[in-house]
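Below you'll find a set of structures to go through.
One chain, subunit A, appears in both complexes that follow, with subunit B as partner in the first and subunit C in the second.
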Partner chain A sequence: MNWLQIFVTVVTLGSIFGVVTLSLNLQYARGGMINFGIVAYFAVGAYAYAIFTQPAPQGLDQYKFGFGWPWPVALVAAATAALLFAAITGWPTLRLRGEYLALTTFAFAEVFHSFLLNERRIGNGTVGLANVKRPISDWGPIEEKYVFAGAAALLMIATLLVFRRLLRSPYGRALDAIRDDEVAALAAGKSVQRMRRQVFLISAIPIGAAGGLYAMFTTLAQPSLFTAEVTFIIWIALVLGGERSVYGAVAGTFGLIFFEEVVRTWPFETVRSAQIAASVEHIVTGLLFIAVLRYQPFDRIAERMKATR
Partner chain B sequence: MNNTASTPTAEPPLLEASAISKRFAGLRAVGGEDGLSFAVSRGSFVGLIGPNGAGKSTTFNLISGVLASDSGAVTFDGHDITNAASDTIAELGIGRTFQTPRAFESLSVLDNVVSGATSPGERLRAAFGRAWRTHESVTVDAAKRTLDRVGLTGRADDLVSDLSGGELRMLEVARQLVRNPVMLLLDEPTSGVDPVLQKRLAALLAELHREGMTLVVVEHNLHFLLALAEHILVLTHGELLTEGPPTEIRTDAAVISAYLGDDYAA
Partner chain C sequence: MLFLQFLTTGVVTGCFLILATIGFSLTRRVEGFLNIAHAELLGVSAFATWWLNAEMGWHVVLASTAAIVFTSVTGLFVARLIYDPIRERGPAVLLITSTGVAFVIGGVIDALIGTGIRTLDIGLATSYEPFGIRITNYQLMVVALAVIVSVSLALFLNRTRTGLAIRAMSGNPELAASRGIDVRTTSRATWLLSSGLAGLAGVMLAVLATLTTDLPFAQILQVLAVAILAGLGSLYAVILSGLIVGIAMDVSVYWIPAGYRPLVAFSVVILVLLFRPEGLAGTRAA
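This part shows the complex of A and B:
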């Protein structure tokens, strides 16, 4: 077992998905919006990054768009694309409540996934966009994987700090009020529609950037990477970590990614045992999920911290 | 408002409902053939009474924008608020409580009251700044004073779930008072409230009335209401049965019949 390698991967992927969990925490735990299509915003970021950095099509390339922009610009474009996608999908859906919003966002993500599978000119169909540009191959004395881990961690910390600041202001309190009782919040003059829309839009920005980073890290933007499974992993991470605090969202994601990485890199003697381990992983994740829901350990920790503050 | 030119009678009413109506699944909830019309003058204390299902709470919901009316118009303080959004109406100065008390469960008692006030920090850009902090400390002080006023002294740090039904009602009143509304609509404020708190509530309402706040109160406790209000509107089947000062309403045969049944009518 190469623990250092596991550590670096967990920091990189944990931070990238941690950004998505943080955004879901803002949308759901504070904004009261159930988004079951969060993977779509992540995918938009990844594809946007790939499209804006890849060279113009030539030869056998089926895709029609490639701009060859430098990576920092493309990363901003990824965040902007996710924001625009949120504006387009949020406009008809945000009036819906609870499970209706959940179903609609899930449907949107499925439609988008199907679009990616079938549309060849934009995302190159099932093959997707490979060889996504990595910024610079030579970082001098620092290995590239550390640079990625650092960049992902930076994005996550920045997201965490910005969201935490927002949620500790009267804005966060108003969001809590809206989630607890919309009618009473309206009677207290809270602009429910405006705030819900804003939360939906601003949480899409870091998701898009994380998607760009993910494409950069994997050098791929492929439909198979952005299935509904990603959405559910993020949801599991949020529930595992406890939805009450921003730290819970991060801890849950890191825990889940660490667990997956250990199972993935464990030096199994036979292929058969590796296969069994892969299935057991899902079972254990499920059991863990049930246990956390039953005992709510993180909510208790958060409450204890609140009480001592 | 020009207060030199007009006598009190010439002043237009603060709130005016003209021919408003609301149907639920085809059944009339508020407003008969011609709709429901009434006016509330500035600074008055109006009681709204009537048997269950008379449309009192629905009337409140139509005024405060919780429900959209099928027809008619509502004006408040010179603004047309017909079918306006609840938050817009609240910001114009209409405060209200609900028949079943509503609270923000995840917030402390104090934060429930503080969130009644509109803070500049509720704007996205301002939330990242520091300017709202001054406003916040003023609001927190005001919220604490309001908690004292409604008899919830010492409960500031409690969770909402620790409050009794009566205390929840008072919390809701406090959350609206901190907004300093021009007009306050109270829906059955004494229901579930013990006699001691009721007495305190009566004193508070009298005080608010003296301070010039316009009050409209829906109440089944007529003993409580008739002692406080100066004008009573009586609703039955969504229509205005009669209106007048409490002394007249107390002896009105039609009111007694509507409320207590024909056996009691003279």
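This part shows the complex of A and C:
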């Protein structure tokens, strides 16, 4: 087992998915919105990045758009695309509450996934877009993987700082007020609808950027990378880390990605045992999820710490 | 002609969806939450049938009966162990928890079965061609079972004590309890019934399709589509919505590529939630 390699991968992927978990934390724990289609916004970012950096189609390529633009522009485009997608999907769905919102966002994600699979003109259908451009391959003495880990960690820390700043401002307190008692917040002159929509849009921006970074890291934008399972993994990470704390969201994601990476890189003797290990990983993840939801250990610890302070 | 063929297949798909959704809808009515893990119960039943039939050499009727009973008990067990203790935390937490349950059941099936495709040992389907429309005996069986299940469920819910108790509980649990209905027994009866129906749908899945371990969970998308169209509760509306979604998906193949079938189902969901969130049947429970 190459623990250094695992560590670097965990930092990279953990940070990328950590950004998504943080955004989901903002939507769910603060905005009270159950988004069961979070993967779609991530996928939009990844595809936008791929499309903006890909060279114009040639030969067997079935995709119609490839702009061949430099990566910083594409990264901005990824964040913007996710924002636009959130505006389009949020406008009709945010009127709905609770499980209805969960189902509609889930439905939107599935429609988008099915669209990516079938519409070859966007991203080659099932094949996806391969060889997504990475910035520069020569970083001097530093290996490329460390650069990626650093970039991902930077994006996550930036997201964390911005969100924390936002939540500690009067705006954040207004959000908490809406979550805790909508009628009272309404009576105090807060527009519940508008604030919910704002949170939904704001949180989509870092998800899009993370999607772009993910496409850069894997050099691939393919429908099979963006299934409902990603949504569930993000939810599990969020719940594992305790819904109410931003650090918990990050810790939960890192823990889960570490666990997955170890299982993935473990040197198994046979294909069958690797298969079983992958299934057991699912079982353990699911069990942890159920147990954490039921006993809420992290919320209790947080409460106790608050009480003693 | 081709159009009529797609329409016929659509009816068969619709009947399968009715079987798969009725249990889901029943849980939603009585227990008050969307059980995402319902789809994995289809898998439990489908692979139990496959194992007993193809591996152990049981006759398919015996194997499927055993599988349905097993699924039914599994459903009740999961409910008692996992859902009951967190009932008071509300439908959202139950919904999220049920995705965890789906993960666990799916993982167990994956670990036990592994990858590859599986088929039951039941021989090839015989096809008939009345009026030039092709339909197989297995497809006819799905249609017949959907009719039988719908009718007997309607009779059960309207004529028997337990059935009436289930309906009372879905209407208003507190009132039902105060009128002397044993809420716990009724809840358990509902879990047995809805999981058993998932089991039946799972057997149908095994009969109609070649099984892979990710197939059962893929059904949740269509089940949700039907349940939402039906208004997340009403049982009679499930029958109508099942047929609408099934026919819409299969007939759409006439105009657009077959890969878009799930997209059609989900466009239905989005349209319904946007324009008529209460579903076809409205707020009135059937």
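Everything below uses one rule, namely that the second predicted complex is superposed on the first by the 306 of 309 C-alpha atoms of A that agree within 3 Å, B and C clash if a C-alpha of one lies under 4 Å from a C-alpha of the other, contacts with A are read in each partner's own complex, and residues count from 1 in each chain.
The rule is simple: a contact is a pair of C-beta atoms (placed from the backbone, for glycine too) under 8 Å apart; a residue touches a chain by one contact, two chains touch by 3 or more.
These numbers were taken from a predicted model, which means no experiment stands behind them.
With the two structures aligned on subunit A, subunit B fits next to subunit C without clashing. Of the two partner chains, subunit B is the only one touched by A:Ser191; subunit C is not. In the overlay built on the shared chain, the residue A:Leu161 is in contact with neither subunit B nor subunit C.
When both complexes are overlaid on chain A, the residue A:Asp180 reaches subunit B alone and has no touch with subunit C. Once the two complexes are laid over each other on the shared chain, residue contacts for A:Ala130 go to neither subunit B nor subunit C. In the superposition on chain A, A:Ile142 contacts neither subunit B nor subunit C. Looking at the shared chain after the overlay, A:Leu293 reaches subunit C, while subunit B stays out of its contact range. Measured by the number of subunit A residues touched, the leading partner among subunit B and subunit C is C.
Annotation: apex subunit A, arms to subunit B and subunit C, angle 80° (C-alpha centres, rounded to a multiple of 10).
Of the two partner chains placed by superposition, only subunit C is touched by A:Gln275; subunit B is not. Minimum Cα-Cα distance between subunit B and subunit C in the superposed model: 12 Å. Those residues of subunit B that touch subunit A in the complex are listed here as 64-66, 85-87, 90-91, 95-96, 98, 102-107, 111, 114-116, 118-124, 127-128, 132, 136, 172, 175-176, 179.
Residues of subunit A touching subunit C in their complex: 34, 92-93, 96, 98-100, 102-104, 106-108, 110-111, 114-115, 117-118, 232, 235-236, 239, 272, 275-276, 278-283, 285-287, 289-290, 293-294.
Subunit A contributes residues 162, 165-166, 169-174, 176-177, 179-181, 183-193, 195, 198, 202 to its touches with subunit B in the complex. Interface residues of subunit C facing subunit A in the complex, by the touch rule stated above, are 33-34, 82, 85-86, 91-93, 95-97, 99-104, 106-108, 110-111, 114-115, 221, 224-225, 228, 257, 259-260, 262-263, 266-267, 269-270, 273-274, 277.
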